[in-house]
Amino acid sequence: MAKKVNVALIGYKFMGKAHSNAFRQAPVFFDLDVEPVMKVLVGRDEAGVKAAAEKLGWESYATDYREVVNRPDIDLVDIVTGNTSHAEIAIAAAKAGKHVFCEKPLAMTVGEAREMTQVAEKAGVKHCVNFNYRKLPSIQLAKRLIDEGAIGRIFHWRSVYLQDWIVDPEFPLVWRLNKAEAGSGALGDLAAHSIDLAHFLVGDITAVTGHMETFIKERPVATSMSGLVATGSEERAPVTVDDGTIFLARFANGAIGTFEATRFAPGHRNGNMFEINGSEGSIRFNVERLNELEFYSRRDPAHAQGFRTISVTEGGEHRWINAWWPAGHIIGWEHSFTHQVVDLLEAIAQDKPATPDFRDGLRVQLVLDAVERSAQSGQWVSIEKE
Amino acid sequence: MAKKVNVALIGYKFMGKAHSNAFRQAPVFFDLDVEPVMKVLVGRDEAGVKAAAEKLGWESYATDYREVVNRPDIDLVDIVTGNTSHAEIAIAAAKAGKHVFCEKPLAMTVGEAREMTQVAEKAGVKHCVNFNYRKLPSIQLAKRLIDEGAIGRIFHWRSVYLQDWIVDPEFPLVWRLNKAEAGSGALGDLAAHSIDLAHFLVGDITAVTGHMETFIKERPVATSMSGLVATGSEERAPVTVDDGTIFLARFANGAIGTFEATRFAPGHRNGNMFEINGSEGSIRFNVERLNELEFYSRRDPAHAQGFRTISVTEGGEHRWINAWWPAGHIIGWEHSFTHQVVDLLEAIAQDKPATPDFRDGLRVQLVLDAVERSAQSGQWVSIEKE
Amino acid sequence: MAKKVNVALIGYKFMGKAHSNAFRQAPVFFDLDVEPVMKVLVGRDEAGVKAAAEKLGWESYATDYREVVNRPDIDLVDIVTGNTSHAEIAIAAAKAGKHVFCEKPLAMTVGEAREMTQVAEKAGVKHCVNFNYRKLPSIQLAKRLIDEGAIGRIFHWRSVYLQDWIVDPEFPLVWRLNKAEAGSGALGDLAAHSIDLAHFLVGDITAVTGHMETFIKERPVATSMSGLVATGSEERAPVTVDDGTIFLARFANGAIGTFEATRFAPGHRNGNMFEINGSEGSIRFNVERLNELEFYSRRDPAHAQGFRTISVTEGGEHRWINAWWPAGHIIGWEHSFTHQVVDLLEAIAQDKPATPDFRDGLRVQLVLDAVERSAQSGQWVSIEKE
Amino acid sequence: MAKKVNVALIGYKFMGKAHSNAFRQAPVFFDLDVEPVMKVLVGRDEAGVKAAAEKLGWESYATDYREVVNRPDIDLVDIVTGNTSHAEIAIAAAKAGKHVFCEKPLAMTVGEAREMTQVAEKAGVKHCVNFNYRKLPSIQLAKRLIDEGAIGRIFHWRSVYLQDWIVDPEFPLVWRLNKAEAGSGALGDLAAHSIDLAHFLVGDITAVTGHMETFIKERPVATSMSGLVATGSEERAPVTVDDGTIFLARFANGAIGTFEATRFAPGHRNGNMFEINGSEGSIRFNVERLNELEFYSRRDPAHAQGFRTISVTEGGEHRWINAWWPAGHIIGWEHSFTHQVVDLLEAIAQDKPATPDFRDGLRVQLVLDAVERSAQSGQWVSIEKE
């Protein structure tokens, strides 16, 4: 019988649902070396967490994360709370010797992220930040093509992360639009994903210059929120985060890049897209068609070159797909979470580093911070060392 | 506490995995009026069914379906066995007063399908055939647009179901290429889906004329098969089913249609596609991009008309989506099974007809049969009444 | 100085404009071995043809084609009149020893087409029918890929030619909807192009079975028409041609095919599309994106296969493109006519056969005729020998 | 008879061919109030210009532009020489009282562009700079949608102009890669077009910050060039222009934008693309599919919103299309030049301003200059007033 890994999940809203699904599905679809046990779901509101635990398949629930992270029967602490409490919980868990899995962005500040990384590394536990898009078969294929040399020397990175859910000026001021709770707006929520993908696929960013914009300055105060559906009151308050952010970047390997993240792009529900151009070829991706990867090769015969749309659903060829369905039977967004959990459990089972880890989360945080500072100063800002 | 519906699943290969997932996911993501209980998994090979039951989350396993369908604690029998045993099991289950859910194609022959329908209707149980593509939010949207009049009078149906997994002549003679086990090839496996969608969206077909082709006449005899990966021996045997089938159709409402189903279309892994043209607009769909529906409206301003690509992922707007993720966070192929199970459980809870039911399965069988006869006679064949 | 080829163009409406453009542009963009001289434009209405000759760049005009085709200074007779007079004029011209270029469809009947072919072949003149889509660089690339073996053994042809300009039932009964003038509707106007492309790319068709439909049975009588804009009266008369036609085909090489041509497909202005699937790969094309060809190769690495969109605009690689603009600077629909004229003039200069010739036109006519007969009999009809 | 406008074209290479075509086609396809006469082609190499004049349809040729611009029979001087001589010729022509049409970029420096503008305005002649993409029906439709309010308040501009013709490091150092002749690289050649489109569709840019990169620092010296095909020697010399440039922009109306221009994007032959997002909808465009415009409207019914692909080929609806072919019969890149000439001749005939004029050219030059300065200083640079 496989060794058990007892999991505590802290938080149970949207991301709690996605993480729970991942832990529930991983052992059914994959042959794992360890068996995750959905031990306890943690939340401050007892009625809420009790109902969620039952619905989402957790053995029990609790209301005090401090107690839970110190329980001897817990092996892995998964953090999907608001951004403001990531650091506190992760540090407590790591100090208690637990493996830690944390939603992105890793922290509110570089300082927090650095401390989390240092504590986790010192504790010798597995630590992992959920930049889930890395765990799509299509992104893994992009990485493979780059590693194989099919793209060659990279010249350009070009990413946009486009959403449109707050274009209506009457959409209320939910927590994601409040700097104290969210840290930043489109930057930390969306560009963070693009930065991590750029790190993964292109390499280190050395300097950035950016601009952050809040198109709608005031909004109705939110009175309730369920998912992305919120109700507003007659009172208005200022929006304190960026609606959209754009920045330029230089990479250590000589590539140059553009980044954009916005919630003001009508027609794009979750348009996390990028393109990479190199001396041998190009790659394009859009998370709204996450089962596909577009690839152009300069090595194709000269009369027959063109971007090809690869259906990244071949069991024998594309990572993780074998566990699911036959070719052409597409997977969904949540499968990236399942793959992340599979990877993390494998890291625990084989005692090897999890990826992306807190240091990767810190690297993203350093770029987010530099973008904010460049937006204030109007100048290029170099990225600090981790 | 919701009333329980105890389920027995007969069969545990590829489709067993997909059905198990649906029963496991339905109560987590949806608020159901009844609670499905994954009671027993049934298969003839004890070792195999035991391992599968454990992996897929069934409470127990059994090796004799006859016994199981007569157990008083079983409410719903789900049949995912080979096509040859659908009729036998479904009839036994219905006669035992169980609700019956059956994979497509419903039966090997019109006779079988008719008997299954009559027995199930007489028994007064819920009966449902798994033409799962009906249960995609995008197909539901297509139906809604048609019902709203946005397409107007329908002129054309145009469907292709394109796969490419047996183009290699060395791919072995697996059961799907053997008439005795599969009934037919691309026709029953693939065109059956297109016919059901045409019935659902356009209406009754009145006559067809078709052609069936076997491009590769002999193949290596299969020695083993796991999923779609098979190993062949040096011995060869004739392929007894169609590699590809094409047919023309006339509909009761005056529309005309073309159908094609093939496993010989390189570049298409699971290209279940159709287009409908009507007096007010058009609709296009491809299951490889199942979260999207293309829609053209002649009612748009004359200078701004064009096919629009709808992301069918809006919780408040598109059916079933609310249960999953925010807009633009796509769902996968298997979600159609979950939706089918949700629908079926709702039909049981509310004592209303399930859809598509055995009569719908019979309607498809009648068309499949007519296509085969027209391919033999070279003449148009009228579709019999159910 | 290059030898001159004096041209007479019979007809001056829509197609007259397109042919005139081709003769005007060919010598400017291409280095020709002979120089076309736009000698005389011929039409029955003197005022109309005089104005057109001036506008379109013809040296002179005339009103009697019989006289013109017998003028000793005329080398090439180009026929763009209504379909009913193609045969008469082409036969007169060929008998007068003139090279003949004729719009498609070649004739009203198989009999006419056969006589035209026999007369032209006997006269030893160059004869050419304007299936202009053959002369797109993208179609030439498709042919090259097939000839290179990149598609392998062909299994499937699948073509649709979709338009939508008569969906409105109040659109008047213009000549194209009148069997006496047009011969047939969507069949001869649209499917003729698809059949010629199938002949060019796949090979001979051996048998067909089809269905022809007239969705709108009566329309207002047309009182005037300019281009595709027509005015209708209060009087109504029956539509005597097909609004849409569908048919199945078998090819001599074992491939099977589907064809559809309709003017009732909202959203498609001129959607001449096809796909070919073979043992090594596939090809897709749409004339509304005529600078592109989609190509899938089973020879690509297994993890990186997908339909690629080739921009068929590379001067050094793609036929005729060198004469125009740099890569990515697309050409238009009318360029296919220029290329056809270049080819024809080259055939004259080098005394080699023009393509497609009248025999190709006859081959199309034989299929059109067989489709009509199959639609009447409800049975497969074999294609006669030329 | 229409009044004649006698044209002198200075320069006869690639752009000479495109401009000649425009003057040749304009009076054939459009009903003009004035008649352009292709009077004289001017070039320094007598043999070359003589041959070109004959080929391209000019009545005569000359070798000294100074003489020509002072000829009393010349009404319009069209300048397609290298960028270094635009100012000198345009100023001479305007001072001689001739209307002036000039290729983009207008000048080598802001100073030149400002002087050209002042001289031309003072002379009271028509002056026009050939930002030809404005003259595509699709771009006119974009403008119309914006003017109608269909996009609402604009939030984002996002443009890339991607080419790939110099990715090979052995491609020689042609004039476009030499700062002394070209002024800049991708910036002036490509981004200039994007900037003009942004001005036309969004409005004034107020500040920019950018980065310019030369990926390949040295190349073989070019020994000959024909079109884009060049031969290199063994000698190498430094590339003195940007291979790729990226910049951020703020607009006067509060929108923010990103721009990228590069010749290092494999797979993109001439990918001049942009997207605009506003409070009511979005627009997307790609010049490689210049007959299409993508449009998203937030005003569509909530269940049926999506980017629609408009075929901008409707005679009655889309500008200039009526002159060409029926809907769906696409036009090519060169047609934009014909439309520009039609517009310019109409401005002359009706004595109204031509668009875009030299002041528009100056506005672009001011942005190009600011981008270069920001790339040097690493700071945002405000755009000067014209």
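Per-chain residue numbering starts at 1, and chain names A, B, C and D are given in the order in which the chains are listed.
By our rule, a contact is a pair of C-beta atoms (placed from the backbone, for glycine too) under 8 Å apart; a residue touches a chain by one contact, two chains touch by 3 or more.
Not measured: the values here are computed from a predicted model.
Centroid distances built from C-alpha atoms place C farthest away from chain A. Taking the mean of the C-alpha atoms as each chain's centre, chain C and chain D sit 35 Å apart. Averaged C-alpha coordinates put the centre of chain B at 54 Å from the centre of chain D.
Averaged C-alpha coordinates put the centre of chain A at 42 Å from the centre of chain D. Shared interface positions of chain D, i.e. residues touching 2 or more other chains, are given as 268, 296, 305-307, 311, 314, 316.
A complete topology is adopted by the chain contact network, contact being made between every pair of chains. Within the complex formed with chain C, the chain B residues making contact are 155-156, 158, 160, 162, 164, 167, 209-211, 213, 215, 243-244, 246-248, 250, 254, 256-258, 260, 262, 264-268, 275, 277-282, 296, 298, 305-307, 378-380. Interface residues of chain C, counted against chain D in their complex, comprise 14, 18, 20-21, 24, 28, 55-57, 163, 165, 227-229, 268-271, 287-291, 311, 313-316, 324-335.
Residues 141, 144-145, 150, 292, 294-297, 300, 302-311, 314, 316-318 of chain C are the ones that touch chain A when the two sit in their complex.
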